[in-house]
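Order of writing sets the labels: A, B, C and D. Residues in every chain begin at 1.
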Amino acid sequence: MTQVNMAVNLGGLEMKNPVTVASGTYAAGREYNDFVPVEMLGAVTTKGVSLNGWEGNASPRIAETPSGMLNSIGLQNPGVAVLKEKDLSWLEGRDVPVIVNVSGHSFEEYVQVIESLDDDDRVSAYEVNISCPNVDSGGMTFGTHVPSVEKIVGLCREATKKPMIVKLSPNVTDVTEIARAAEASGADALSLINTLLGMAIDARTRKPVLARVVGGLSGPAVKPVALRMVWQVHNAVNVPILGMGGIMNGTDAVEFMLAGATAVSVGTANFVNPLATREVIEGIRAYCEEQGVTDVNELVGGLQC
Amino acid sequence: MTQVNMAVNLGGLEMKNPVTVASGTYAAGREYNDFVPVEMLGAVTTKGVSLNGWEGNASPRIAETPSGMLNSIGLQNPGVAVLKEKDLSWLEGRDVPVIVNVSGHSFEEYVQVIESLDDDDRVSAYEVNISCPNVDSGGMTFGTHVPSVEKIVGLCREATKKPMIVKLSPNVTDVTEIARAAEASGADALSLINTLLGMAIDARTRKPVLARVVGGLSGPAVKPVALRMVWQVHNAVNVPILGMGGIMNGTDAVEFMLAGATAVSVGTANFVNPLATREVIEGIRAYCEEQGVTDVNELVGGLQC
Amino acid sequence: MCCEDRSGLIHERITLLSNEKVGPRLFVMRVESPRIAQALLPGQFTHVRIPQMESHILRRPFSVYETFPEEGTMDILYQVVGYGTEFLSQLPAGTQLDQIGPIGRPWDAPEGETRVLAVAGGAGAPATFMQVKRCVEAGVPVDVVLGAQNASALVTRERYAALLGADPVCATDDGSYGFKGFATIPAAELMQKNEYSRVITCGPEPLMRAVANSAAEAGIACQVSMERRMACGVGACLSCVVETAQGKKRACVDGPIFEADQVVW
Amino acid sequence: MCCEDRSGLIHERITLLSNEKVGPRLFVMRVESPRIAQALLPGQFTHVRIPQMESHILRRPFSVYETFPEEGTMDILYQVVGYGTEFLSQLPAGTQLDQIGPIGRPWDAPEGETRVLAVAGGAGAPATFMQVKRCVEAGVPVDVVLGAQNASALVTRERYAALLGADPVCATDDGSYGFKGFATIPAAELMQKNEYSRVITCGPEPLMRAVANSAAEAGIACQVSMERRMACGVGACLSCVVETAQGKKRACVDGPIFEADQVVW
């Protein structure tokens, strides 16, 4: 059997295989290291980080929904200094590129986070999260209108020469419009989808299940929406795509690549199966072997319509 | 045990209970009549109808997805004359109000459909579908931007004095903006959600599962998104809401009512369980009895946040 | 091509009596379903809810291999092709399922036919069995051609042979039983050789199309059983349409049996 | 309050050996899980994947009632409260599940304590059992107060009694066994009467809060076992946070055992 080339290049970021983790589902890799040594991943994507840290939302923060879940963590994080001191130190010397997911309540805060990380060699790339539905200012509010997308992506672009991935929200009328704005403003790659805004209600108590009432929907339930958006964006822009939304196994990942994703993120699946990332990597490889595909890049956008 | 009042008024439409069917999933009731006599429903909502009939999309038209399904029927229908001749004749004399779901490729076509039905007493109300994701012109393209929503709802309003429900798309950045535009332009009620635009891929064949590539996602998977939108719209407008999206049982229906729906539609659930509508009605009643609710209207918007 | 005169639909809770592997990825399940077993005509199908498949929400349509109205049971022969059939194949006897039926337009009654040819391939073989049985019972001469990948997949052969009192004509892709090649070839030969008043066929679309072509060339009336993805299974959702000379028709209630010359392949 | 020194996490396929109803909506399941049974300390929990629940995708966290390291088995006592536990209660012996464990901060080792009081209510009763056992084995005097709705729900009483050699103090809401009223009342009385170096408690939050208050008034160190909805169960997702004097802490790995005086109720 011929060896399959699994390496991909995501907007300047070299990955040994196309699989990273969805920000916020994997911390910085340490908690899952007993199950999947972080070096096995194509890249590790860290939990969203802001300048000085945020408390996040009240509990309960999650709800189970049909084939999915809602979360309203609210970007709880200890701030960029702690990220450097703890997470990046732990990652140092481990043979895996690090994508830092960047958040802020203001345009300036995004830039400040990048500036405080940019001369740190342990950071390989950024994922600029303009799509979190769980914070009141920043997050999704920046990512759903073209002018603010242009502004924030442009400012972040000026702050770094590292590969910059911009993470898009599915809660928009036309994702291609946002995607084009991000590309035109300097994104090296686009990641999608972040979570769909949703809600769960406990009929018995007549209360929302989440303390914050609404939260972000993820998991298999959203896969059809995610695939559609990846395919639409692939047809609309020239930068590579990091696809995600409900990827549970290798077949799901292959579907995203066929729709146009160069790499994929595994999120909610980690909660179901802590070995999910590993199985996704092996599943993609097995698919390529079965189909006689010698280079995983051949799959990208290979959908036959 | 005290009797529960199950009757509701949906923007002028009197319903003996709050349960109708989602347009397109139930034809005009006849096919399900062996399972659920149509008179049991609070109202029957017919499949989308256009002026002269449409062929719809190529097959395959459906795909199963995690806790949901995609459809790309494309509003196949035989036109308003056949609706009158066959469906409305069959419904005549049956004790159930009829909501006709209206479609068109142009503003004019919507109006023409309403005009050709408006003096027909067998029609109790309209549901104006400005949210079908499965047609190239009309449908969702009309329902995702405020100016065209205002235009079409205003034109339809001029054409009828019957209760007019406007059906909204979830594929928008801000559903409350669209809802307010529809209300301001004369909608008596709003129905939501129509399907989320999605896609399914067969990794083995590298082809989309649907002939039309994309389709509309429905079923339990979308319930969190639907509940969230019903709740947002309930807080944004004063007209009543017909809620739908993944309702499978009485508890789901109660959740929609707590979020702000005055009535609910059962769609995909009919495919899973042809007795679903009946069980939803009984489930709502049982909930009210258990909770000591004597009037189902007490549930509407009763969510405690 | 009409469903207006269909008999009432039944929603029945059914019990799995047995569920046996009979060939490569092929299973026969026997279910207790007294009301539907009574009412079902050859060519009609049932729409089955496989239990415990929480996130796979749709029913699965299956032809009925044979009904035993007295026992109140029926057999369904199915091939494992995806999640649902795989799951179904692992359910033990005693499991409760439910089904809707009998659905759709049956094969035309054989009374009046002079000689019938049934051509069935792969998982289509059960769909013609009850109609062949009806021909035999009505005293209408009937020939049967079965196609399969190989001898071990020819799982309906014995039941057909017992019914006919002789082996049906068989064709296998690898020649491991009967004719080596597609069933369409012996079928076309039979149409040249014998005078048929009717051909019926069920199987993969290319097979049915070829059989329909041969029948058209030979000037024989031909009915086909069409498969489409189905949501409602009762005619309400329009997910299952087949292109016909009269426009789009629903496979579930306008079919599954169609006049071959009306289908736009 | 730290997880840095936690031992390695194990992902283990486990087999259900038995799954018995022991009281109203209460079940004990015994599973074969040799590696986790070996490694687990009192107060730690496991994160269980219930099979076949396709659309209910999350794992369910459960305390471990008792481990039997030699046999490689463990008992989990659970209450049926929703879909998952209902489904679990119907699984037959022989079913394969999987679990991640041992997770979280255990109760502090009892060595050095002079006398310990354990107060457990409802489905919290299993969470203190192994710690009480460890006290007994370490020769630390230990008193136990169990609370439940009624006598039939006091399902851990006998196992505690066998361990202690005497009946634990019991309280039931309806007085059908022991003290009539909340377990917090006999617990507070015991704290007045005896000199405890440590109180441990698990149960509904109001119970734990009341016990923590009594302990604080009596000046006794108190640990509580906190429950939160959990997605990952390994410290990565921040879905399970508890408000503490040091800010938000993860119930799964910073807890589930917390110092009572650190929790912001």
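Keep this in mind: a residue touches a chain if its C-beta (ideal position, glycine included) is under 8 Å from a C-beta of that chain, and two chains touch if they have at least 3 such contacts.
These figures come from a predicted structure and were not determined experimentally.
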Dominant interface by contact count, named by its two chains: A-B
Distance-maximising chain from chain D - centres being C-alpha averages: C
Centre-of-Cα separation between chain D and chain A, whole angstrom: 36
Whole-Å gap between the CA centroids of chain A and chain C: 47
Centre-to-centre distance between chain D and chain C (centres being mean Cα positions), rounded to whole Å: 57
Distance from chain B to chain A - Cα centre to Cα centre, in angstrom: 34
Multi-partner residues of chain A (at least 2 other chains): 63, 66-68, 219-220
Junction residues of chain C, two or more chains touched: 54-56
Chain contact topology (line, ring, star, complete or other): complete
Chain B contact footprint on chain C (complex, rising order): 8-11, 49, 54-59, 100, 228-243, 247-248, 253
Chain C-facing residues of chain A, complex: 66-67, 220
In the complex, chain D residues that touch chain B: 55
Touch list for chain B against partner chain C, complex: 24-27, 31-32, 34-35, 47, 55-56, 59-64, 66-69, 71, 73, 76, 219-220, 268, 270-275
Contact footprint of chain B on chain A as seen in their complex: 63, 65-68, 70, 144-145, 171-174, 196-201, 203, 205-208, 213-214, 217, 219-225, 227-228, 231, 246, 251, 254-255, 258-259, 287, 302-305
